[in-house]
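Presented below are the structures under discussion, each in the form of C-alpha cells.
Okay, so chain A shows up in both of these, paired with chain B first and chain C after.
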Partner chain A sequence: MDIFIFEAANQCIGIEAKYIYRIADNVIIVPVPLMPACYEGLIYYRGDLFDVIDMGRLMENEATMLRDDPYIILLKWDAGKLGLIPDRIVGMQWVENESGTGTVFNKKGDTIKLMTPDEIWGKLSGLAYGA
Partner chain B sequence: MSRTSIRNKLILSFLVLLLLLMMIVAVINRLTHDFYTAQAISVALALAAGAIFGGYFSRSIVRRLNSLSAVAKEISHGDLSKDIPLLSQDEIRDLEEVFASMVKDLREMISDIQNVAGRMEETNRALCSLSEKVMASSEEIDASAKAIAKGSEQQTMIVQKTSLVINNSLDQMDAAGRQSAQTVSKIKDALVKTGSGETKARETLKYLDNVLSQIAENTEPIYRLSNKVDKIRMVMHVMDEVAQKTELLSLNASIEATRAGEMGKGFALVANEIRSMAENSKRSSQEIGRIVDDIFEDNKAVIEVLRKSEQDVGKGRGIITGMVGTFKEMLSGVEEISTDVKAVEAVTLRQVKEIKGLLAHFEALSRLAQENFVSTQKTTVGTKNQKEGMQKIVELMQSLNTLSEKMMASQRRFRLRGD
Partner chain C sequence: MELEKYQKIFIQESSKYLEELDTVLIKVEKNLQDQQLWGDIHGKIHSVKGMARALSLTDLATFCHAMESWCKLFQEGAKTADAWVIQLFFDGTDLLKAFVAGKGNISEPKHLERLRLISKDLVKDPEELSDHPEPELRQSVAPGKIDRLRVDYTLIESLLARSQEIMQLEKTLPPLTQDQISAGLENWINHYISMLKGLYFQLAQLRLMPVQDFGELFGKTIRDLAKSYNRDVKLEIVGGEIEVDIGLMDRLREPFMHLLRNAIAHGIEPPDEREKAGKTREGKIVLEADRHGDQLILTVSDDGRGLDREAISAYLKEKMGMRHEDMDALSNEKLLAIICRPDFSSARETTQLAGRGIGMDVIARAIEYLGGTMKIHSEPSIGTRFVINLPLSLSIIYAVLFRVGKFTFAIPTSHVEAIENINLDSSEKVEQLCDLKGLLKMDGENTGKGHIIRMRRPLKPVVSAEEQKGLGIAADAIIGNMPLMAIPLGELLAKTGLFAGVGIMENGDISLILDLEKIEAAAMNTN
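Coming up: the complex of A and B.
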C-alpha cells in the first residue's frame, strides 16, 4: 500500500495515498472563530473549501515549527476535505499494510503511525473550543 | 649854696677870730691901761676864742666824720639802705659825696651781684638740668653710637654677604646670559627642525591623502563584490524557490502517479528522482547560501575594516592636519620665544651691567659702613670724653653753685633799700 508520510510532533504519520489530493503552498488561510487551537482556518483551493489543521498541535498540542510558507497536505475523501499542516514532508512510500491504520515500519525501520482522514476529523471533533 | 674849703674856712675863721681878738684887745686896751693885764686878758680871750673856735670847728668836722663813720659801720654790717647825709660844704662834702657814690655803686653792685647771683643760680639750675639732659643725651648718643656701631658692623657684614650674593648672582646671570645665547642658537635649530617637521607633516598629509584615495579605490571592488553577493543571494533565493516548487511539483506528481496505479509507476519513479534532485538542489542551494552568507559576512567585515581604516586614516589625516597647524603655531611660537629670549638676553646683559654698578655701590656702602663703624667708635670715645667733660662740668657747676650760694649768702648780709 502506498502511503504519504509526514512528520508532526516528532512522530512519523502516514496516510494512505488515495486520500491525498494535492500538496499546496502559497494559500491564504482564513481564520475561523470559536474553534480549537489546532484549527488554523479555511482555504479555498480550486473550487473546494478545506479545513486546515495544525497536525503538531492536534497530536501533542504543540505548536508547529514556525514557517513562512508551510506546505499544506490536502486530503479529499467521500466524507470531507481536510488540509493538514505538517512539520516536514517525508514523501510517498510503499508499506506492507492493507488496513490503513495502526503502526508500520518503513525500510529504514522508522515507526510510522497510519491514520485515516476520518480518524483525524474525529480527533478534531472531540476537541473543545480553545483546546 | 657855694662850697667853701676848710682851708678857706680856717683862714676866714682865723681872720675873723684875729679881727675879733684885735677888737677885744682894742676894747681891753681902752678899758685897761695895764699892758700886761691887757696882754693877759687878750691872751686869755684869744686862747678862749681859739679854744671855742677850735672846739667848734673840730666838733663840726668830727660830727660829720662820725656820721660818715656810723654809716660806714652800718655798711660794713651790710646795711646799704641808709642814705649818706650831704651836710658839708667843704672837702668833707667831697668825702660824703664819694662815700655816697661808693654806697650807691656798692648798692648797685650788690643789686647787680644779687641779680647775677640769681641769674647764676637760675643759669646754674638750667645748666644742671641741661647738663643732665646732655648727660642723658650723651648716654643716648653713646647707646645710639654703640647701636650704630653694631648696626654698622652688621651692615658691613650684610653688605659683604650681599656683595657675595650679588657676585654669585652676577656669575649666575653671566651664565644665564651665556645660556640665553645658547638658547637662541638652540631656538634657531628648533626653528629649522620645526620647519622641517612641518614640511614632513605636509608630506605625510599628502601621503595620507594618497592612502585615502587608494583605500577608496580598493574599497570600490569590495563594494561591487558586496553588490554581486547580494545579487547572488537573490539568485539563490530564486533557486531556492525553484527547488521548493520543484519539490512540490514532484510531490504532487508522485501523488498523481500513485493515483494512476500501475500505469503511473514509471512516472512516480521520475517524480521521486525529480524530488530527490530538487532536495539536492535545495541542499546545494542552502550550502551555497551559507557560503554566500559567509562571503557576505566576510565582505561586510572587510568593508567594516576598510571603513574603519578609512576613518582611522581620516582621523590620522585630521591629526596630521592638526600637527601641521601645531607646527605652524610652534614656528610662530618659537619665533616669539626667540624674540623673547633675545629680549631676555638684552635685559640680562643690562641687569649684569646694573648689578655691577650695584656691586660698586655696595662696595662703597661697605666702605661707608666701615667708616661709619670707625666714626661711631670715635663717637663712642667722644661721648665718653664728653661724658667725662660733662661730669667735670657738673662738678664745676656744683662748685659754682656752692660759690653762688656763698655769694648769695654774702649778699644777703647786705641790706638794700626796700629789703
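Coming up: the complex of A and C.
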C-alpha cells in the first residue's frame, strides 16, 4: 500500500495514503479553549470542520518547533475528519503492509511507525477535555 | 401577515402539484387502466384539497373532492376511464390552476361556466360521459414562465467548496505598499472580496429545504403503508415553511420513516374501529416543525390508539420481572427508554405482539447521533406524540459575536436582551456576571473594561428575586450581530461541555457558539 510519511516528535510516521484528503496551507486555525495542549484548533475547509492536532505534542506531549504557517495534513475516513500538523512532510512510499499498523522501514533503513486514523483518534479521545 | 405567508406557500405548493398532474395525465392517457397512475392523480388532487381546506377555500376543496371521487373509481378498477374522462381531468386541472392563481377563487365568466359544466359531469357515472360529442381539441399554449429548476445537491456542495476556495485566495494576497497599490484598486479589491463573501453565504442557503418539501416526500409512502395495513391516513404538515439544512433532513429520513410505519401499523386504528370509537374514519399524522431560539423542534403525532401498554407490560414482566403496580407508575420517559431498547423490537417480532416498538432503537440512535433528544407523550385512544428536539444544525441563525481574549464566541441573538458598556473600576456592581475567562481557564485577568452581554431571561427556574436578571457575560469586544451557519459540535469539542455548536460566518471564519444553559450552570457552581 502507499503510505504518506511525515515527521513528528523526532519520529517518522506513516498513514495509508487513501486517508489523506488534502494538504492545506494558508488556513487560519481558530483556537478553542479547554482543549488538550496538542489541540491546535479548528479549521473550516471546503465545507467541513476539521479538528487540528499538533502531532508532535500528541505523540510526545512536548511542544515542537514554532511554525508560522504550517502545512496541515487533512484526513478523512469513515469515522471522522482530522487535521494533523507535522514537523515536516517527507513524502509517499510503497510498503508491503496491509494492516496499516506496526513498523516498516524506508530505503535508508529508518523506522516508520504506521498509524491508522482510528489509532490517532483513539489517542485523542483518551486525553482530558473541559474545565 | 400570517395569512399572506400561507397563501404564498399554498400557491407555490399547489402549482407544483398541478404541473405534475398534467404530466401524470399525459401518461394515463396512454394507459387508461393503470391504477397506480390514477392513484398518483388522486394523491395530487388530494394534496391540493388538503391545503385548500387548511385555508378554508371551500369552493376549491369541493371541486377537488368531486374530482377525487372519480379518481377513486378508476384507481380501484371499478370503472375504466376513456378519452372523455381524460379530457375532463385536463379541463379540471386547468380550472384548478385558475383557482390557485386566484388564491382559491375564480371570477371570470369562462371559468365559472367551466366549473358549472365539469361539476355537473362529475356527479354522473363516468360512463355517461361517452354520450357527449367528441371531446374538443385543447388549444396548445406554451408552458408557464420557467422560474425554477432542480439541481443535484452534490453540485451545490461543489459550488460551495469552490467559492470557499476562491475566498481563501484573499489570505494569500501578498502585502502591498501604498506605492504599489492605488486607493482605487484597494477599494475595488475590498468590494470584490465582500461581494464574494456574500455570494458564498447565499450559496450556503441553497442547502436549506422547507419542512413542507421533506414531509411531502413521504406522501406516497404513507399511502402505500396505509393501503397495506388497511388504514385510511392523511399527513398534515404544520410549520412547513421552516427551512432546515438538507443534510440534517437527509439523516432524518430513516427515523421519520420508522415513526410513520409505527404510527400506521400500530397507532392508527382501522377505519371501522375508529368509527366505533367516535373518531373520523381517516386517521391523521401531523408533522409539525418549530424553532425555539437555536433549537429545531419536530413533532410527529398521530390520533391513534396510543402506546400499547399491554405489550410493554408483557415485555417488562417477561424480560425484567417487573410487577404490575410498578408498571402503572412508569413515566413517559421510562416508557420511551423501554421501547427504544434494541431487544424490545426483537422480542416483539418473535412473539408477533401488536404495538409500537419496531425500529424505535433505530430512531433513538439516529436522534442521538444528531445530538438531539426525543420525548414521547401517549394517551390511550387519543394518540402518540414524539417530540424531537434537535440542536443547532447546519442552519442559519443570527448571533451576537464577541471576543474574549484570543477566542471568538457567539450567542444566538434570540437569547440576548441587551449589550452594555462596563467599567468595573466604578462602584457599580454587576449582577449575575459570568466570569467566562475563569470558566474557560484563560490566562490574564479581567481588565474590567469592555461589554456585558445580558441574556434575555434566567435560563433556569428562578428561585430568588436576584436571579430575575438574566445572566451577563463579559466580552472584551463585540464583533456584531450577524448570520451564522451553525454546525453541530464534533466529538472532541463536545467533550468540553460548554459549547452548543460551531458557527461559520459569511467570510468562512469560525466562532464557537456557547451553550448558555451549561455556561450558567458552570458559573453558578463556581460562584
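The rule we apply is simple: the second predicted complex is superposed on the first by the 128 of 131 C-alpha atoms of A that agree within 3 Å, B and C clash if a C-alpha of one lies under 4 Å from a C-alpha of the other, contacts with A are read in each partner's own complex, and residues count from 1 in each chain.
The rule is short, and it goes like this: a contact is a pair of C-beta atoms (placed from the backbone, for glycine too) under 8 Å apart; a residue touches a chain by one contact, two chains touch by 3 or more.
Just so it is clear, the model here is predicted, and its values are computed rather than measured.
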Using the superposition on chain A, decide if chain B and chain C clash or fit. fit
Which of chain B and chain C A:Val30 touches, first, second, both or neither: second
Contact breadth on chain A, by residue count: chain C or chain B: C
Considering only touches as defined above, state whether A:Arg22 meets chain B (first), chain C (second), both or neither. first
Return first, second, both or neither, reflecting whether A:Phe4 touches chain B, chain C, both chains, or no partner chain. first
Identify the partner contact of A:Phe105: answer first if only chain B is touched, second if only chain C is, both if each is, neither if none is. neither
So, does A:Met92 touch the first partner chain B, the second partner chain C, both, or neither? first
How far apart, in whole Å, are the nearest Cα atoms of chain B and chain C in the superposition? 9
Chain C-contacting residues of chain A that also contact chain B: none
Once bound in the complex, which stretches of chain A touch chain B? 2, 4, 17-18, 20-23, 25, 71, 89, 91-92
Which residues of chain B touch chain A in their complex? 244, 248, 251-252, 254-255, 258-259, 268, 272, 275
Counting only contacts in the complex, chain A reaches chain C at residues 26-28, 30-35, 39, 42-47, 49, 51, 80-81, 124-125, 129-131
Chain C to chain A touching residues, read off their complex: 157, 160-161, 164-165, 168, 171-172, 406-408, 439-442, 487, 490-493, 495-498, 502, 504, 508-512, 522
